[in-house]
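Should a chain be cited, it is by its letter among A, B, C and D, assigned in written order, with residues numbered from 1 in that chain.
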Amino acid sequence: MEKLRAAVVGATGVVGQQFIVALQSHPWFEIACLAASERSAGKSYGEALRDERTGAFRWFCDETPFDYVLDVPVENADKIDVGGLDVVFSAVEADVAVELEPKFAKTTPVISTASAFRYDVDVPILVPGVNSAQAEIISVQRRKRGWKGFISPIPNCTTTGMVITLKPLYDRFGIDCVVMTSMQALSGAGRSPGVVALDILDNVIPYIPKEEEKVQMETLKILGRYAGGRITPADIRLSCTCTRVNVMDGHTEAVFVNTKKGCSVEEAEEAFKSFGSDLAGLKLPSAPERMIVVNDDPFRPQPRLDRNTCDGMATTVGRIRKDAVFEKGIKYVLVSHNTKMGAAKGAVLVAEYLNKTGYI
Amino acid sequence: MEKLRAAVVGATGVVGQQFIVALQSHPWFEIACLAASERSAGKSYGEALRDERTGAFRWFCDETPFDYVLDVPVENADKIDVGGLDVVFSAVEADVAVELEPKFAKTTPVISTASAFRYDVDVPILVPGVNSAQAEIISVQRRKRGWKGFISPIPNCTTTGMVITLKPLYDRFGIDCVVMTSMQALSGAGRSPGVVALDILDNVIPYIPKEEEKVQMETLKILGRYAGGRITPADIRLSCTCTRVNVMDGHTEAVFVNTKKGCSVEEAEEAFKSFGSDLAGLKLPSAPERMIVVNDDPFRPQPRLDRNTCDGMATTVGRIRKDAVFEKGIKYVLVSHNTKMGAAKGAVLVAEYLNKTGYI
Amino acid sequence: MEKLRAAVVGATGVVGQQFIVALQSHPWFEIACLAASERSAGKSYGEALRDERTGAFRWFCDETPFDYVLDVPVENADKIDVGGLDVVFSAVEADVAVELEPKFAKTTPVISTASAFRYDVDVPILVPGVNSAQAEIISVQRRKRGWKGFISPIPNCTTTGMVITLKPLYDRFGIDCVVMTSMQALSGAGRSPGVVALDILDNVIPYIPKEEEKVQMETLKILGRYAGGRITPADIRLSCTCTRVNVMDGHTEAVFVNTKKGCSVEEAEEAFKSFGSDLAGLKLPSAPERMIVVNDDPFRPQPRLDRNTCDGMATTVGRIRKDAVFEKGIKYVLVSHNTKMGAAKGAVLVAEYLNKTGYI
Amino acid sequence: MEKLRAAVVGATGVVGQQFIVALQSHPWFEIACLAASERSAGKSYGEALRDERTGAFRWFCDETPFDYVLDVPVENADKIDVGGLDVVFSAVEADVAVELEPKFAKTTPVISTASAFRYDVDVPILVPGVNSAQAEIISVQRRKRGWKGFISPIPNCTTTGMVITLKPLYDRFGIDCVVMTSMQALSGAGRSPGVVALDILDNVIPYIPKEEEKVQMETLKILGRYAGGRITPADIRLSCTCTRVNVMDGHTEAVFVNTKKGCSVEEAEEAFKSFGSDLAGLKLPSAPERMIVVNDDPFRPQPRLDRNTCDGMATTVGRIRKDAVFEKGIKYVLVSHNTKMGAAKGAVLVAEYLNKTGYI
């Protein structure tokens, strides 16, 4: 099988590097184009990562970039023509995405980690296995906007883990409301400059601008119903407090859910464990063996120990308990890898799903 | 005025050291007796802190112990007679407290940081300014147990900050239910061995054994009504998830409250700010200028920046917002110093209050 | 006594804030002018610290700024006239200092934390108590440059602690050579952006650009001999490796010294302990009670426990041992507070010394 | 080929678990016996790892234990008969090793991470590729002690990285003296209780009991000459300061070396890069592709980024510079994985080497 030709735009940044890792030995996609800002254009990817002033090699992933990738020439993202490519992975910030992504989408599918288009009515926020059906709105988007391609963003990394665990509860027991407090990792803030070490050592920062609003809107949209060309957000009350803690990778979330029908701890656990078999059936290369892993050690999940479960693509759940406030409630703690399932690798999973289902 | 003669039992441990700091220049109390386990007995306090094997001086507070304190001889806690003393500050673990504290209480008031007697019906869990009226149950305790002294424990350090902030809301608006997630500091776990560095670096531990149960029971008892010689716990549903984060001191708590009457953000803020004037009126030496400090920087409160507000005796509140789940709800974040107001210095404040009101 | 009128230039940055803390209740100096970049000019100091976009109050010191300081109007550093002031404290970066400081020095003494002029032959790098005699070169500087004022920079914060401990050894035993490895705190890197949290969590960064060269040149100059209007650097071989560790404040340095005459551990300890009585005799407000504090706990000095000794103005030394490589060598570990004695407060101490000795 | 039957003694501890990871899919060895203290005896390995009181599963490695290993019954280390086994991997503490290892060695080769026998004249401290020739002393040991087996300990984890980098310099240029300061990881201290989180957060601990003496003695012995049945320690002066920093895994060491013949930076780099081809030629399963990896990024090596190079079996070197103190000196920084090459996996490498060369 010939591989699909992919571009990574914003290739030198942290998320871009994660795309490189996810794609450099991918069985379906090949890296056909790397694009970044004008400053990097004209250099090889390896040269572009080298800080000219200090000599530092600015590569931030645990995995090593392959030699062939370091030789790929970096192009100017403002000037590339993606018309001949099969898919564009966009790792740029929202303010850049709002300019570039529509240009790319005229000819080519764009899978994006940026928030720029997430809240548009004809744009799905796909989490394969959770709201696959909403992919259909892509046809509406194409028609409405006259694009050959489309824009399909993934959710905010804090939304991802929660919505994956809410989905099986929602389907079986209904959900009345959700209260969530997150303890988010540093890598979610990127590194330009991201979180300054002086601010987080021996500390917690209890506010992440716009995060709570994003989580709230995205969760309801993802759990919403697609019909007649539009998504009706789920009718769930959702309240959260998002905080930053001194953890490298892996968002931890303490979730309190009131269901509609009520459910026992065992039923919830069973719902978590059995979730995701549809997705598994599709045999997508980046899909985790299990969407949700339940850990019965009372001290788990912990971000350092559980973030890499199923190569960072599973959500780990533990501490499932009856809730004392909500009559039909349960509470639990989850850990989700914010830069694997929650970012580039999750976006590649979306591309795999859309390829399997014919959108790419 | 002649000072009241105080014993510190468990004087060599972390909480004992905090008692030393709180008492060594106290205007009302003087350190008349230091007691610890048999191993330390017979040494001076300074010698007892020195690790014989390694030569390390095992003192853990920021404040320096005064020279005169280092010269005080340490006695065997199992054998001391506290009959001639005015008050005993007990910093021992619960399993030791259950043996020693009743012995001491036969003759002398015992203010304790241990949980051993917190849940007894004739024992108050005092937080001056919050449930001062419950001090009256001390008379019941004395009569019932035939003691000249009494046992008066302070709450768990995670309860303290929350109950201080709930009290003004409870009094003005009523409280239907509370959902809370804590991000607790390392010092709350002590150091024998406390939290192992390998377990918490780059990590969150989402479980602290028995903590959630303690917070739940204590909060309802403290907010309860005292009448007819007994405390009726408050009728509030309360659910929490207690986690440990890599922070030295200062518990951070994300609180979601549904009130009964409803309250605006401004009303809640006003309730927080005006709380505690009764206590302030008593002019107790360890009482904070303000019980609750509201910080309007959206990124606050942070444990490292706010734990020492009013010498660690105030609770700092920020991020006060309307809640999206509870119709009459508000949510906020608080920081409370777990080893100042939440431990020894909070216990000394209780002793001050009980002295002012004639119990000591 | 009327106070001396001082300007703080670069007042909104981290070092500038430390100057505010050092000066706001100073018995000799008063804050007569606060200057910063054009962006802050025209606002009150309190307004200038408030981040307009996020609402964060960007104040970074443990100590609180006094209300009167928050009301001081901030002026544009490029346009102020310091002619009527008694002293300028400069907290700007080297590239700005190179422009501004000579302008100020035409009329007014400038005490600077910037490196811009440290290596000029007519500029002293003063550490009061260590090389006070070198202050005389200020007269040369004034004459040569035709300035009424002068520029007097303090050393790099990593130089400070080492040179203070080398001085008594140098005076008594002579020094042949020094090998040093530093483990430096985050605050030394400032916060624009300073060290990114992702880079230092669970990590050591073994390189700080230009730091090793600075330490080497400055140490030799400070220990050098002043005669005939010039400083002859000390004839000492010095080699160091400077690293960054995940510590807030307080540089730790492992020092290996070969003396010329040889010295026992006891002699070295005695030299450390008795050092600094000249300085103490001057009764300068910011001078530590002791320049060097020797801690005989084998596990000390530690940055978190020892950085605040004598309000951060003393250097703590421990682990004094005979060396196995250098025949006449000793080795030890020191901790010095890089943002107190090593920065603004150290600069204020220089100003105090220069005032006492008539230069200001 | 039939696999060699191996015992792991001290199997439930941290080092024991690392042995499990190193052996559970090893091509040459099979886990034939797991032994621990009486408390674990009679349980399956999986049961023994479960904390009965809290329910925590006490497994500390990143790699997951295989299911078949969890089913292996744990035996009482005091009572096992290792006579039928081919090799014993001993992960017990020194005080236990001194009793158990000689008993095992009567019949069976013992590869140990304990220090108990390192300094005996007839015991080698092997680092394959560095002092392989010293393996011959095993024959002396057997003869002298009348054992069929033998005891072969690995060095202290801080010695390992340094001695690997010193060896090529020693062979080519001779070494006069070495000054070293280490910044050691938490995992080197184990977890019973190891380093307490409160002690190391925002801190450096500048002392590790006995560490400096061990590094000194072991380095000279390993670089020593074997002839006539005995090892003559190398004639090198060596001085070090060993500190603990808040890093999970990976010891960082700043090394200053005075050679005898002199060497340029390029020659040193070339010596590092070409080192270890003998070992590579043996095709041992755990041997790294390269013993030493030179990283030319000036900010490297860093423990978090470089500890896992070649699966934690390579030593990474960077910042190679001419030294300013030593006339023929160079200085550099190294990172070595203290619980991979520096512990169990390094011990398995020794066993592989001794098997290849006929001792096992």
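Everything that follows uses one rule, which is that a contact is a pair of C-beta atoms (placed from the backbone, for glycine too) under 8 Å apart; a residue touches a chain by one contact, two chains touch by 3 or more.
Keep in mind the model is a prediction, meaning the values are calculated, not measured.
Identification of common neighbours of chain C and chain D yields A, B. With chains reduced to the mean position of their C-alpha atoms, the one farthest from chain D is B.
Centroid to centroid, with C-alpha atoms defining each point, chain B and chain D lie 47 Å apart. Between the CA-based centres of chain B and chain C the separation comes to 40 Å, rounded to the whole angstrom. If each chain is reduced to the centroid of its CA atoms, chain A and chain B end up 42 Å from each other. Each of residues 54, 201-202, 209, 246-248, 298-299 in chain B touches at least two other chains. Residue ranges of chain C in contact with chain B, taken from their complex: 54-57, 62, 201-202, 296-299, 308. Against chain A, in their complex, chain C makes its touches with residues 54, 60, 186-187, 191, 193-202, 209, 246-248. Every residue of chain A that touches chain B in the complex is listed here, in rising order: 177-179, 181, 183, 201-207, 209, 216, 237-239, 241, 243, 245-248, 252, 254, 256, 298-305, 318-319, 323-326, 329, 331, 333.
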